[in-house]
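Here come two complexes built around subunit A, the first alongside subunit B, the second alongside subunit C.
And then the complex of A and B:
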C-alpha cells in the first residue's frame, strides 16, 4: 500500500511517499506566507520523485505545528509520535529520539516495542532552537550549510551570554564589530545550543541508542558537540534527519487511524 | 552654559545639546558599527544643527548601552538615572516612568527631585521590547511605525499566548496563514507587548504621574493598551520621548558643572 506523510513544521514543509515501510520519495521547502501553495508543491514534488500519481496514495497523514493546514488528510498525528515511529522503524534499537527542529527541541523516549513513553520539550522559549542558530549564522553571514566547516576551524569558541535568540543575534553582531572571528562566534553559538539540548537530554534519563532528528541534526558540528557533552554516540539513520517527521506520518498512514495514542 | 548628553542604545543613538535650560538641538539616528562611531556621528549632527563645535560644549555626559565607549564624554551615568531625570525635567509632576527601548524595558519610580527610588528592568528576554515589535512587524510584513496606527483600526484583535518573541512570531504566522486581518494581528502584537511590560511593572510602586519614554512610546497601540491595563493616563511630555535618556545625561552634566539650574 502507498501512503503519504506531510510535516508542516515551523521552518520547513516536508513530504514523504511511503510504500509499506520503505521511503519512495521525499521533498522539502521553506515555509512562506502562502502556506497552502507550499504544501501542495512539496507534496507534488515528493510524488514526482517517487514516480507515483496522487490517486494511488491510499492515505495521507499530516503532522507538525501546522498539521491542520494540510487539506485532504485522513488524520493528523503529533510530531513526537511520528518522529519516534520513524526512528524505531529505521533502527529498532533506538530508545531515545532527540528532535531539534526550527523552534522546538523535543526528546522522546520509546520502549523496546516502539511504544511511546514520554516526551520533554522547550515550551517557554526559543533559546537553543534551530532558529537561534539560523538567526546567528545569518547575522554573521555564514550560510546555514557551511556552519560546520566554519565551526570546525574555531580555536577559541566565543561564549554567548544571551539566552534569548533575539538578543543573541545582536550580541553576535556586536562581537563581529569588535573584530572577533566568525568561526569562533558560530562555534560558540553551536555550543550554547548543544548545551541546551544536552540539559533537556539529561532530564529524561535517556537510554541508548539515541537518534537525532530535525534540521539541527544535519549540522554535523552540532551532533558532535552534543555527543561530546552527553558522552553518548548517536546512530545515523538512512534517511535525512529533517524528513523523519514526514516519514513517520507516512508510516502512521500505513496503519490507519489509531484508536488511542501510541506508536 | 552649554551642556550635552549622548545616549547610545542598542538600536538608536541620541544626542541633546542644552543652553541655559533650553534645548538647542537634538538628534536621533540608527546605530553604527561601534558605540564610539555612533556617538561621534550623532553628536556631529546635533552640533551642526546647533551651529556649534565640540569646544563650545562645557560638559558632556553619556548614557545607554554603549556609554563607556564615548570619547568626548566626561562621565557616564546609568540610563535609569538619566531617564528619571530627563522625564522629570520635561515635566516635574512625573513620578513613574515606563521606558521601552530597543533591547530592554524598565519601569522607574522617582522622587520629587527627579532621583531614582526604585526600578525594575528586563534585559534578559526580548519579549516586551522594541526588538520584539520589530521581529513581529517583519513577520507581518508591515513597517514598524505602521503597527500603532494599524492596530487602532482593529475590531477583533487576535490574542498571542506565548511569551517568547520567536514563539510569538510563529503564532503571528499562524494567523497570517488563517488570513486574519492585518489590523487585528497588529493589535494582538501591541497588546502582547503591553501585557509583558505591565506584568513587569507590578513589582515597583506605581505613583501617579506617569510618563512613557523610549522608542516604543511612539507606538500608539502599545501606549493605549498599557493605559487601559494600568488604569492610568500617560502625561504627554513636551519633548520627544525618544531623547529623554540623552536629555537626562545633559541635565546631570548641567547640575554637576554649572551653578545655575
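And then the complex of A and C:
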C-alpha cells in the first residue's frame, strides 16, 4: 500500500511518500503565511519525486505542530510517536531518538517492539531550538549551512546565560558589539542548545542506540558537542533527519483500512 | 451555575432534577433507551452550553449499558441517588446529619435513624451542573487556603461547604486512609463545622491482628455514634443491611469475574456506578436490585458469547477512574471498540458477612471494609496493588494497561514505575495519562483523547 505522511513543523513542512516500509519520495519547504498552499506544494513535490499521483495514495497521516491544518488526512498523530516508528523501522536497534526541531527539543525512548515509550521535551520557549540557532547565525551573518565550520574554529566558546530566546538574541548582539569572535558566539549558542538536549537526555535515562532527528541533526558540530557532553555515540539514519516525522506518519498510515479513493 | 447563589444546594438541586428525570424514564426502559440513543451523540464529542446539564449524566450511564435490563438497573440506582440527594437538601428534617468519608462503607449508619452526606461525592454531583461548576467549587476551596496539590475530591468537599452546598453536620466520620489529602481535609472540615468527629484508624497490613484492630475501631465507632446521636444501633436493621450487602457483593463479584471471558459480556461501567452508589447507600434494596439486574444481563450475554458492545476490539485494564472524563468510556467504546475489562476501582473482591450475631457482623464488616476498593490498595505497601495487578494481567486477557493518574493521588503516581515494569515484563502496552478526576483545568478532554488515539495507533491496536 502506498501512503503519505505530512509533518507540519514550526519551521518547515515535510512530506514523505511511503510504500510498505520504503521511502519513495520526500520534499521539504519553509513554513510561510499561506500554509495551505505550502502543504499542497510540498505534498505534490513528494509525489513527483516518488513518480506517482495522488490517486495512488491510499492513506494520508499528518503530524507535527500544525497537523490539524492538513486537509484530507485519515488521522493525525503526535510527532513523537511518528519519529519513534520511523527510527525503529530504519534501524531496529535504536532505543532513543533526539529530535531537535525549529521550536522543540524532544527525547523519545522506544521499546524493543519499536513502540513509543516515553518522551521529554524542553519547556523553556525557543532558547534551546533550531530557530534560536538560526536567529543567532543571522545576527552574526553566518549562513546556516556553514555553522559547523565556524563553530569548529572556535577557541573559547561564549557561554550564553539567557534562558529566553529573545534575551539570548540580544545577548548575542551585545557580544557582537563587544567585538567577540563570530566563531566563539556560534559555538556558544550550539553549546547552549546541546546542553539543554543533554539535560533532557539524562533525565530520560536514555538507552543505546541513539539516533538524531530534526533540522539540528544536519549541523555536525551540534551532534559532536552532544556526543561529547553525553559520552554517547549517535547513529545516522538513511533518510534526511528532518523527514523522520513525516516518514513515521507515512508508516503509521500503513496500519488500518485504506480509503477507497486517493487522498 | 452561580456558586455564590444565596440559595442553598443549587447544584444538588440541579443534580436531583437530572436524577429524577432518569428515575422517571427508567420506569419505561425502552423509552429511556431511545432518549439515551438520541442524546448520546449530542453528548459524546465535547461539552457545550447546550449539553452541559445532561452530558455528564448521560455519559455516566455509558455507551455500553444500553439494553433494557441495564437501563432498568440504572433507573433503580438513580432512585437511590435521588433519595440520597433529597435527604441531603432536606433542611426541614429533624434527623441527625452524619458526614461520612467516601472510603468508608456506611452499613452501620444505615442501622441508625440518620441522614447521611458523603462530602467527596459532591465532586461527582457538581459535574452534573457542568465541569465549570466543579472547577468553581474547587477554586473556592483554593481561595480559602486549600493547597492546589490537594486531591480535587477533598477540595470539592471543602468548597461545597463554602458554597452552601453541604448540609450542617451533627457528627463526622473520617478515616486515616486513603491518603494524606483526604485525611487532612477532614481536619479542615471539622475546624469549619465544629462537629464531633470520629477517625477510623486503618491498619497497614493484611493479617489477623490488623483485622482485629479495625474491628475494635468499629465497636468504638458504634459507641461514638450511640453517644453523639443519642440513639441505639438497630441490630436487626444492620442484619438486614448486611444480608443485602452479601447478595450485592455476590452479584458484583461474579460480574467482575465475567469480564474474563472474551468477548467480555460486561464492562466496568456498572461496577463503577455501583461504587458511586455504595458511597451513599450500600446495602440498600435498590443497590442489591441494581447488582442483580446488571448481573443477569451480563450472564445472558455470557451464555450467548456476546460482547457488551457491538464488537469488542481492544480489552483495556484500567487504573483509577476517569470521572470528569466520563465521556472517555463511551467514546472509547464507540470509536475504538475498546472495553475496560478490569480496573482497580470497580473490581469487587471481598468476603461474606456472617450475620449470626452482633460480634460476627462487626468482625466481618471490618474485613469487608478493608477489602473495599481503594481501602484494600492504598492503606498498605505497594505490593497490595502489584499482586492484584499481576493477577488481573494473568486472568483478564488485556490488550493494554491504562494508568489514568489523578493529580492529587501522590501515592498512585509513586507506583508508576512499578506498573511500567510489570507491563514491560508482561509485554503489555501501557499508557500513562496525567489527569485530574474532577478538575478539568489539569488537562483538557481533547488532549487526553489525543493521547489515547496515538497510543492505540502506535501499538497497532487501532
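Methods note: the second predicted complex is superposed on the first by the 254 of 263 C-alpha atoms of A that agree within 3 Å, B and C clash if a C-alpha of one lies under 4 Å from a C-alpha of the other, contacts with A are read in each partner's own complex, and residues count from 1 in each chain.
Following the convention adopted for this analysis, a residue touches a chain if its C-beta (ideal position, glycine included) is under 8 Å from a C-beta of that chain, and two chains touch if they have at least 3 such contacts.
Everything numeric in this text was worked out from a predicted model, so none of it was measured.
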Broader residue contact with subunit A after superposition on the shared chain, subunit B or subunit C: B
Subunit B versus subunit C as contact partner of A:155, first or second or both or neither: neither
Partner chain(s) touched by A:31 [first = subunit B, second = subunit C, both, neither]: first
Subunit B versus subunit C as contact partner of A:116, first or second or both or neither: second
Which of subunit B and subunit C A:255 touches, first, second, both or neither: second
Partner chain(s) touched by A:55 [first = subunit B, second = subunit C, both, neither]: neither
First (subunit B), second (subunit C), both or neither touched by A:131: first
Which of subunit B and subunit C A:78 touches, first, second, both or neither: second
Residues of subunit A that touch subunit C when the two form their complex: 75, 77-78, 81, 84-85, 111, 113, 115-116, 252, 255-256
Touch list for subunit B against partner subunit A, complex: 10, 33-34, 103, 124-126, 131-132, 135, 141, 163-167, 170, 173-174, 176-177
Residues of subunit C defined as touching subunit A within the complex: 424, 427, 429, 450, 453-454, 457-460, 462
Residue ranges of subunit A in contact with subunit B within the complex: 10, 31, 33, 35, 65-66, 69, 103, 124-126, 129, 131-132, 162-167, 170, 177-178
